[in-house]
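Same chain, two partners: chain A is paired with chain B first, then with chain C.
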Partner chain A sequence: MTASKTTSSSDLILLACFAAAVMAGPVILAPFGAGYPDLLQKFAIFGIFAIGFNILFGLTGYLSFGHAAFLGAGSYTAVWTFKLFSMNPIPAIIMATAFGGVFALVIGFISLRRSGIYFSILTLAFAQMSYNLAYSVLTPITNGETGLQLVQTDPRWLDTTVFGRDYGSTLPSSDLFGITMTGYSGFYFCAVMLIICFYISMRIFRSPFGLMLRAVKTNQNRLNYTGVNTRPYTLAAFVISGMYAGLAGGLMAVTDPLAGAERMQWTASGEVVLMTILGGTGTLLGPVIGAGAIKYFENIFSAYNDTTLMNIFSFLPEGLQTGVVNILGLFVGDGWHLTLGALFMLIVIFLPGGLMEGVNRLVNWATARFKNKDDGAPTPEPAAS
Partner chain B sequence: MSVLSVKNVNKRFGGLQALNEVNLEVEEATVHAIIGPNGAGKSTLLNCFVGRLMPDTGNVTFDGHSLLGLPPHEINQIGVSRVFQTPEIFSDLTLLENVMIPAFAQRDGAFQLNPWHSVSDESEVSGEAMEMLRDVGLSDQAQDIASQLSRGDKRRLELAMCLVQKPKLLLLDEPTAGMARADTNNTIDLMKRIAERGVTMVVIEHDMHVVFSLADKISVLAQGTVIAEDLPEKIKGNPKVQEAYLGGAHL
Partner chain C sequence: MSRSITNRRSLLKGSAAAGVALATPTIFTSQVWAAGYTNEPKGGSVTLGFNVPQTGAYADEGADELRAYQLAVEHINAGGGGMLETFSSKALKGGGINGKKVEYVTGDTQTKSDAARASAKRMVEKDGAIMITGGSSSGVAVAVQDYCQTAGIIFMAGLTHANDTTGKDCRANGFRHFFNTEMSGAALAPVLKNQFGSERVAYHLTADYNWGWSQEGSIQKYSEQLGWKTQAAVRTPLGAGDFSQYITPVLNSGADVLVLNHYGRDMVNSLTQAVQFGLRDKQVNGKDFGIVVPLYSRLMAQGAGENVKGIYGSTNWHWSLQDEGSKAFVKAFGEKYGFPPSQAAHTTYCQAILYADACQRAGTFMPTGVGEALKDFDFDGLGNGPTTYRGHDNQCFKDVLVVKGKENPSSKFDVLEVVEVTPRKQVEYGTDLLGCNKGSINNGAA
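== the complex of A and B ==
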């Protein structure tokens, strides 16, 4: 079975466009002030996180409020892999993905005994439990409030014995056979992961397995009476999305070898829910777009402060200027969440299908106009689906 | 040969004896109707067949397997399909997908982890599903979303979803409830065609028109007890049945 046989040509085109857009990210996003590696890395990492979350929430409809637990667990696992084995990012992300999956298997096994709001609360409770444990009992593993860091005296067993690398007295950073995982090389490492993750998610969406997951969302009762045991399906979806979260956490540690418990907090779990809904739940591209949009706005709006606003509105008379700045000041800097909230409300009210619905509407509107102009000229059939 | 056999089933809800020593034998390749006034225990009995309710005593066996305590998906996997009072379909999916899902469940069993396959490559399953849709007269709408269908069409779709699995026993709970007369007649015709293929059916029904046009045998349930079991033409004249339905007046 080869990929070309089982992936339809329209999907291959979508994948190719996606890969090209991601790889050209630094160029495409430069005019928007987002063409620098730190932010691009965030886009890619949170894109992976949201794609994984969408496999659970978008397909099965099970809303987890605890996915940050797997993200955090992935980060800790990656940093421990750096400390114990090697600074090479590959073992670190493999371990992070695997541990995310195992952790999700345990939490999912218990949480999936319930559905709807009870499931959401159970996952939230588990994530908050993990967060508090990371700060208290598990301090020997997590290093508590300070966060887990690399130190010079780490054993790095694989590096010393197999690769024969000695970092001397400098604190090493993660590197892939000599390429340091910071800046653009770090971004491209994350970008390749994002493309692989997108492809896997696409295959899941198009598979009979994915069809069963969508059936769980629309009518679980019927599916049971159709001879399908829904529990292993939802558990598999939960574990897969946990692995995505673990990988995302691992990549965070790859680009910045540090892990803190705040990554497990419920706000981080809530953020991935927002990303998925904002972009378009249950769509392939939506979660990536949602993740990008939120991280972009976070970056833009939180960078403004009262002084920059004062400069922007310096053309206004003084009294009015202070008034405008005082009001707008609430929406920027630390208050950028207010902007996010307003944006989210607008999207949910006017575009319930998220940004992807907006894109689809635009495409439909454009094709309708195009067809009218051509006045009945035969339109090319879309590639076989 | 009897496929489904119900032996001495009792079910009590608090102070109410919902089923009282119910015995029933359903013969292979027949349509067996269960009728009775409201509250007679018809739906309780059906729920005992599909693992939704556990009888207090007694046993329900299908093809030699006891159905008691089995989860719904296992009961389906041994060959029992069920049609609900309100059509239960996958309303967000297309008609074709609706029928492909049970076909996959039939082929692959209760769980199959195959995220690397592609639905579009499963031409055998989709062909089978398409054939089934053609059979119930919905093939033109195969790519439509199921929620747009009329009540009668949803029922046809649900029947297609059950039939694609080639069930040994089909349970129908008031299959024409809430339908317009024309839809009812279409559904009766469809069920007749299904019966002719030798699918064993158990029908629970209020509508006497439906019962008498379909059933090979009728059991009458009243206050949790089977008060009569006979051929349709004989049931009509049975004084006990008239008593239960009309308080003694003649049908």
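== the complex of A and C ==
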């Protein structure tokens, strides 16, 4: 699936397959215990976040350690849009995306003056600054550690004054012209956004702009010597990925109208880096797969406890059962980070290209086997071909 | 030309597939939401969701809460044991609730609003929990309570002490047994007056989230009524670990009382450091320097060790109480786990029992039915004397304990002594004081 070989028709097939897989998510993931709305929404939202991050990191090679700042900013913007204007998710995500972009423009303008580790540290510093601002200094806007929430007395100016909608005494939840954005409908809203984002990312990957970004990653000095000013390109990539993050943050608020400062913490920024590397940096599908894998671990493995494990291993003799459970118990529950760390190490060591490299190797191996079988009968020596 | 044909074809294929996929959720939704209320239990069992901090600054409280929940489930399924024996309502007869065996799932709130909501959602959406209970932070409680309101699930708040939980952020689906900072202030004021007099200058260190703000506000309100002055109120981040940078300025501020609006490990750390800085033995303005910890718990006192001696605070319940309910609870808990329960364990145990009893009396798990059963419900025998679940804001009203770190503890659990049991009358407040407008109970999608 290297860029040079793909044609526009195979891209469309990829997009169609991706769309179908995303839409059928609830059915496909149900046997794995992941077919419930909250986790599905997270898959879609963090998929968007990782796709956006990949546009920056995968294409230009600039490793930002502060992308969670845009995610958090998007969430706060969306919740404020709900509070002030309308419970409809569309204005909220537009505002969130726009604000994510503006915020990224400011931070990117400063941070992109440096590259490499200095750029990473600058973005990390900005993100931690934003986190601390949101956590304490900007408490009137962000409500600090408690998190920004909707209240019954919010003005919701567009809804109440312009459209004359009355929410009564219940606390409204976000709804798209009557369809509430919780549960499965919320997931489908995020899923549509994910597919659109995937399509845009695909277009960027295939465009001359995308090629220029790849050139930046390959050798920025050479580009500079040939007289190309790379700053506008990297800044554009940074802003685009900031907008993706803003959108993801906005969608988090749409499916659950609460914005907390911890979304901006460095752990959240690190998470998206992990997702992208785990899935496959610079690939189209990789980030989505990586995001899914990490969210799956976080939600499913962390919910296991010793009692569940005991039930799973109840077929073993008692002494052995406790032994196995005691060892495995370290890796589930609060210890799920340990599992994630081990998995991450294995992938970085054996599959530096992430899970996508694994998939590609499997596909290549399978096609090679298949070809050999076809050609194998007439020519007994496969090495010759 | 060929390009556009392929495009159209694959687009058609794709949209057909997408259409099929889009149609599937209706099947799912019809199954999930077809019940009269969210997660109506259909089989022979009912699932409760215990959402407690297993990591972070309040992890000790969370672990004790979980122990209490497990004990409560045992007692509900057995129809007796512990405080069920002394509880004034005798509706629970064993065999679970409404003939359904009680099962439970657990989640980790991490003392973060986001994570707590996510784990509550998982328990509701994936595990089919009919009720969510727990939480050891008001930030978390408010966030989860808000989620439960929209999802149509009853929320039985655990350890949450901020006024907001049943004040400005109250929700019809949320119920709180624990007391709040307003009650702490009202109960502490007379004791503080006796101990420190009415001419004092207070310096607040406050955990920077809704509980801390609430606690700071209430103590200021009541101490200033006594004639105290407030020198400064400094906010510290939750889970800060090192408080020395906040305590150093106190030494030369001219204040003679330090109010630590901290809880859990934060309080253990800040108190220990305050004592290490010599605040307890200091003289300011010709008076002995005083330290007050408005919300106390035995777990924290144990964590802070020697440093709690002689330090005042308020608490919801303490294991050394000698009423029948408390004695029965301490005995049952001690037999199972080998040590006495904390106030966190007590309030969560009560909440589980109260919920089960309300469902049994209502004959249903439907949130409106449960709410009706709990509305202005009077009960006794749960360790706090006669108690009322006020219908206006779903807040329990009961006696409040003022405690002090014991000078000569007889065991490592015997670290607090009850100075005064402030009668319920003295801590009650009007329905309009905290501005609760809870709306109506949500049963979820019908």
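To be clear about the criterion, the second predicted complex is superposed on the first by the 358 of 385 C-alpha atoms of A that agree within 3 Å, B and C clash if a C-alpha of one lies under 4 Å from a C-alpha of the other, contacts with A are read in each partner's own complex, and residues count from 1 in each chain.
Basically, a residue touches a chain if its C-beta (ideal position, glycine included) is under 8 Å from a C-beta of that chain, and two chains touch if they have at least 3 such contacts.
What you see is a predicted model, and the numbers here were worked out from it, not measured in a lab.
**Q** State whether A:224 touches chain B only (first), chain C only (second), both chains, or neither.
**A** After superposition on chain A, A:224 lies in contact with chain B alone.
**Q** What's your read, chain B or chain C touching more residues of chain A?
**A** C
**Q** Check whether A:179 is in contact with chain B, with chain C, with both or with neither, and answer first, second, both or neither.
**A** neither
**Q** First (chain B), second (chain C), both or neither: which does A:8 touch?
**A** In the superposition, A:8 contacts both chain B and chain C.
**Q** Just to be sure I read the superposition right, which of the two partners does A:363 touch: chain B = first, chain C = second, or both, or neither?
**A** A:363 sits against neither chain B nor chain C.
**Q** Which partner chains sit in contact with A:232 here, chain B, chain C, both or neither? Use first/second/both/neither.
**A** First partner only, chain B.
**Q** Looking at A:110 after the superposition, I want to know if it touches chain B, chain C, both of them or none. Which is it: first, second, both, neither?
**A** In the superposition, A:110 touches no partner, neither chain B nor chain C.
**Q** Where does A:209 make contact in the superposed view: on chain B (first), on chain C (second), on both, or on neither?
**A** So A:209 only meets chain B here.
**Q** Which residues of chain A are in contact with chain B in one complex and with chain C in the other?
**A** 8
**Q** Under the stated contact criterion, what part of chain A meets chain C in this complex?
**A** By the definition above, chain A touches chain C via 8-9, 12-13, 15-17, 19-20, 23-24, 26-27, 33, 36-39, 42, 135-136, 139, 143-147, 149-152, 169-171, 173, 182-185, 187-188, 256, 258, 260, 262-263, 299, 302-303, 305, 333-334.
**Q** Enumerate the contact residues on chain C facing chain A in the complex.
**A** Listed in rising order, the residues of chain C that touch chain A are 3, 6-7, 10-11, 13-15, 17-18, 20-22, 24-25, 28-29, 32-33, 54-55, 105-108, 112-115, 117-119, 121-122, 125-126, 138-139, 142-143, 146-147, 149-151, 168-169, 171, 208-210, 235, 237-238, 437, 439-440, 442, 445.
**Q** Give every residue of chain B touching chain A within the complex, in rising order.
**A** 50, 71-73, 76-77, 81-82, 84, 88-93, 97, 100-102, 104-106, 108-122, 161, 165
**Q** Which of the residues in chain A end up touching chain B in this complex?
**A** 1, 5-8, 200, 203-204, 206-212, 214-215, 217-219, 221-230, 232-233, 236, 240, 385
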